[in-house]
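Next, two complexes with chain A in common: one pairs it with chain B, the other with chain C.
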Partner chain A sequence: MSSYYEDSARGRLAGLLDPGSFREILPPAERVVSPHLRQLDTPAAFDDGIVVGEGRLEDRRVLVAAQEGGFMGGAVGEVHGAKLTGLLERALDTHPDGVLLLVESGGVRLHEANAGLIAVSEVMRAVLAVRASGIPVIVLDGGTFGCFGGMGIVSRLCDAVVMSEEGRLGLSGPEVIETTMGVEEFDSRDRALVWRTVGGKHRYLLGEAATLVEDDVTAFRAAALALIDHKPDLSLAALAAEHAALGSRLERFGDCRDALDIWERLGVEEPERLPILDTADFLATVRDRRA
Partner chain B sequence: MDATTLLDRLFPDGHEIIADGVYFDGTGRGFGTEVAVIGTIDNTPIGIELAFRMAGTVLEVVRRHPGRPILLLVDTQGQRLSHRDELLGINGYMAHLAKCIDLARRNGHRVLGLVYGQAVSGGFLATSLLADRCYALPDAEIRVMNLPAMSRVTKIPLERLTELSASSPVFAPGVENYRRMGAITALWEGDLAACLAEALAVPTEGDPRRALGEERGGRQLARKVADRVRHDAA
Partner chain C sequence: METLTYEYRGGRPVASPPPSFLVGVVGSGNLEVLVEPAPLGGLCRVEIQTAAVGFGATWQAVLDDVFARHPLADVRISINDVGATPAVVGLRLDQALDAFAGGAQP
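And then the complex of A and B:
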């Protein structure tokens, strides 16, 4: 087993793709760095915290992007966002079998906040353009920093999200909510509360994550492969169905104040046990109980 | 400018807009065109109910009024910051709203955004930033974060941020900064009905914001880098 959580963006790609198949576009040797960080005397990275390129997955042609949480928490700046948008648009020209996004991001990079916010909206449009052209976009979320802010929205624009229990997915991070609204709104140091609110198990039960896997690069690879034949559907009928599902989530769980209330309402026996189960036991326990 | 005054100036031929709390929607008329209007007031935070409701209205317009232009008048201080919204998957509701707006565009509806109050972060991302074109009134405010908060988080002295923001549009709040970065097509002043008619008449294709940001000196690298990644040999 090789931990996805602890690996770097490049390490994850090496383990995910067919051996030796990855070809990076605009590699660090090209020195395409953020001009804005320098201006603020902040260290830059030669890849601006994201690795993009082409590779193979069980011989299927894929485009891949991997955010590096180790550099500014994977935050999106002008160059970082443009690399992601460019990669997605490349799919419109080269028609791969799919696009894999290995997300790990706190959202917009504050040092270049306006450029980052606009960049995320360009990524959003590019994701939808790729899907509308019939190419699936699959998200893998199991990194140390989770996936928040604009990238949390981007993830849910895609065909499917694969998560590990350790992965986190949301919009405003717990620290941001605590800092702005107070500790009584969200105690970001309460690890158990954070995991059961934004962690992989809850996201899987809600239906936000399509697949829950162990924290293992090989498991992520198998899950991505299982989803690559997904046919994107952005039709009015598909979005009307999604609308109905989100409406029903509001009706069923809108008054819940804790994930435990939701799990109980889903018919899970002894919901308080879910956080301690390993992935296999968890999946067996919640079978047929997802929203 | 308050929403009532704004609607009267945008639609001198009349409008039927129904308000419900901080939310409103309906139809405006001008220059012989009917325009679907969806908006919010009072710098309201966008939580899951509001995102869901706006998405429903967009789907309704696509279903019942094929091709009718949509004008987003969303006044928001950003996404609602709450444990409960995160618990229920607010990012999924925001993404759903964005998908519905994108569906409208793909189905031939012109979608325009006009920032008349505030536009902030997630509330802006899931609405007007997904429009074909986004405009703003000169006294509107667009931001991710104000400079004092940004200084606390980045540990960069406020004086340094303030000094740099005089010349750089890249991080400080302001509609002019967003115009220079290419996200705001133009500022609307004077005859707002004429501005709207003109915006509805301009053909749109693709996402021109990177090129616009480069032309206006706000984002020097976004277009170049995206183009290289799109076209370079791997």
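And then the complex of A and C:
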């Protein structure tokens, strides 16, 4: 068992893909670094915090990107975003069996301001183009820094999200909410509150994560393999049904003040018990209880 | 930010080096080390970009020790540092150079 949460972006890729199958595009030795960070007198990373390339997953041909949260919280700068967009556009040319995004990001890299914002919007458009061409885009979210901001939106534009309990997914991150709305609204240092609001278990219960796995690289690999043949229904009728479901979700849970209220309304007995259950017990407990 | 360069002579080239090898992450108290073979006429060159300004003598002392443990030639070592302590720098360089000399794949 190898912790996905603790590993680096490169370590995760090494454990996820078939051994020796990974070929990196724009590796560190190419030194395609951020031009903005140098102007700000800030150290750059040789890969700008993202590893992109192609490899094999049980012999299926996949394109992969892995964000490194340890470098500026995995934030998306101009080069970082361009590598991600380029990888997705490559999928349109090479038609792999799937694209895997190992997300770990606080969102746009504020140092790069508009360049980062534009980069994220380009990534979004590229994700939708890849999906429209029938190639699944699967998100794996279980890193130390979670997935927020622009990359939170990108993740929900994809075909499926695989999370571990440790993973977090949201738009505004906990610190941003606290800074904007006040500590009474959201205490970002309350780890139990953070995880039950944006953590993997809650995302799975709400249906935003398709699969919840143990914090284990091989479990993420198995989940990605299970999803890669899944062809999503992108018809207008299916999209209208999705919108209706989201609308009814808001009606059903809109007055809830805490995730615990939602879990109770989902019919989970002793909802306060959910955070302490291990993944297998949790999945057994909430079977048929997801929103 | 400060850019530092150090050069060492008298090392031995690695027999079959990998095209490059990277360890570490550019995060607070950490650093990344990229090791590559390079035709430097027998030199081992270390190029450092560091957020912590004014520690040239400390880098020199740490690198002297590292070169004593790993006397390599025709090697380019590139470092991006965000204030790693000397102990962390030494460990990262040991990790990178052990793997590089062992022919590790990137």
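Rule of thumb we're sticking to: the second predicted complex is superposed on the first by the 290 of 291 C-alpha atoms of A that agree within 3 Å, B and C clash if a C-alpha of one lies under 4 Å from a C-alpha of the other, contacts with A are read in each partner's own complex, and residues count from 1 in each chain.
Following the convention adopted for this analysis, a residue touches a chain if its C-beta (ideal position, glycine included) is under 8 Å from a C-beta of that chain, and two chains touch if they have at least 3 such contacts.
These numbers come from a predicted model, not from an experiment.
**Q** On the A-aligned overlay, A:Glu24 touches which partner chain: chain B = first, chain C = second, or both, or neither?
**A** Both partners.
**Q** Have a look at where A:Val162 lands relative to chain B and chain C in the superposition and call it first, second, both or neither.
**A** neither
**Q** More residues of chain A are touched by which partner: chain B or chain C?
**A** B
**Q** Look at A:Leu87 in the shared chain and tell me whether it touches chain B only, chain C only, both, or neither; answer first, second, both or neither.
**A** Only chain B; A:Leu87 stays clear of chain C.
**Q** After superposition on the shared chain, which partner residues are touched by A:Leu57: those of chain B (first), chain C (second), both, or neither?
**A** In the superposed model, A:Leu57 contacts neither chain B nor chain C.
**Q** Who does A:Ser8 touch here: chain B (first), chain C (second), both, or neither?
**A** second
**Q** For A:Gly70, is the partner it touches chain B (first), chain C (second), both, or none of the two (neither)?
**A** second
**Q** After lining up the shared chain so the two structures overlap, which partner does A:Ala45 touch, if you call chain B first and chain C second: first, second, both or neither?
**A** The second partner, chain C, only.
**Q** Using the superposition on A, tell me which residues of chain A are in contact with chain B and, in the other complex, with chain C.
**A** Comparing the two interfaces on chain A, one with chain B and one with chain C, the shared residues are 24, 41-42.
**Q** Please name which positions on chain A make contact with chain B in the complex.
**A** 23-26, 32, 35-36, 39-42, 52-54, 78-79, 81-83, 85-87, 89-90, 93, 108, 110-122, 124-126, 128, 132, 149-150, 152-157, 169-172, 174, 176-177, 180-181, 185-186, 197-198, 202-203, 206, 208, 234-236, 239-240, 242-243, 246-247, 249-250, 253-254, 256-259, 262
**Q** Write out the stretch or stretches of chain C touching chain A in their complex.
**A** Where chain C meets chain A, its residues are 1, 19-20, 22, 25-27, 30, 32, 34, 36, 49-51, 78, 80-82, 105-106.
**Q** In the complex of these two chains, what residues of chain B are touching chain A?
**A** Those residues of chain B that touch chain A are 48-49, 52, 55-56, 59, 62-63, 79, 81-96, 98-100, 102-103, 106-107, 121-122, 124-126, 129-130, 143-145, 150, 153-154, 156, 160, 164, 168-172, 177-178, 181-183, 207, 209-210, 213, 218-232, 234.
**Q** Quick one: which bits of chain A touch chain C in the complex? Just the residue numbers, please.
**A** 8, 10, 20, 24, 27-29, 41-47, 49, 68, 70-72
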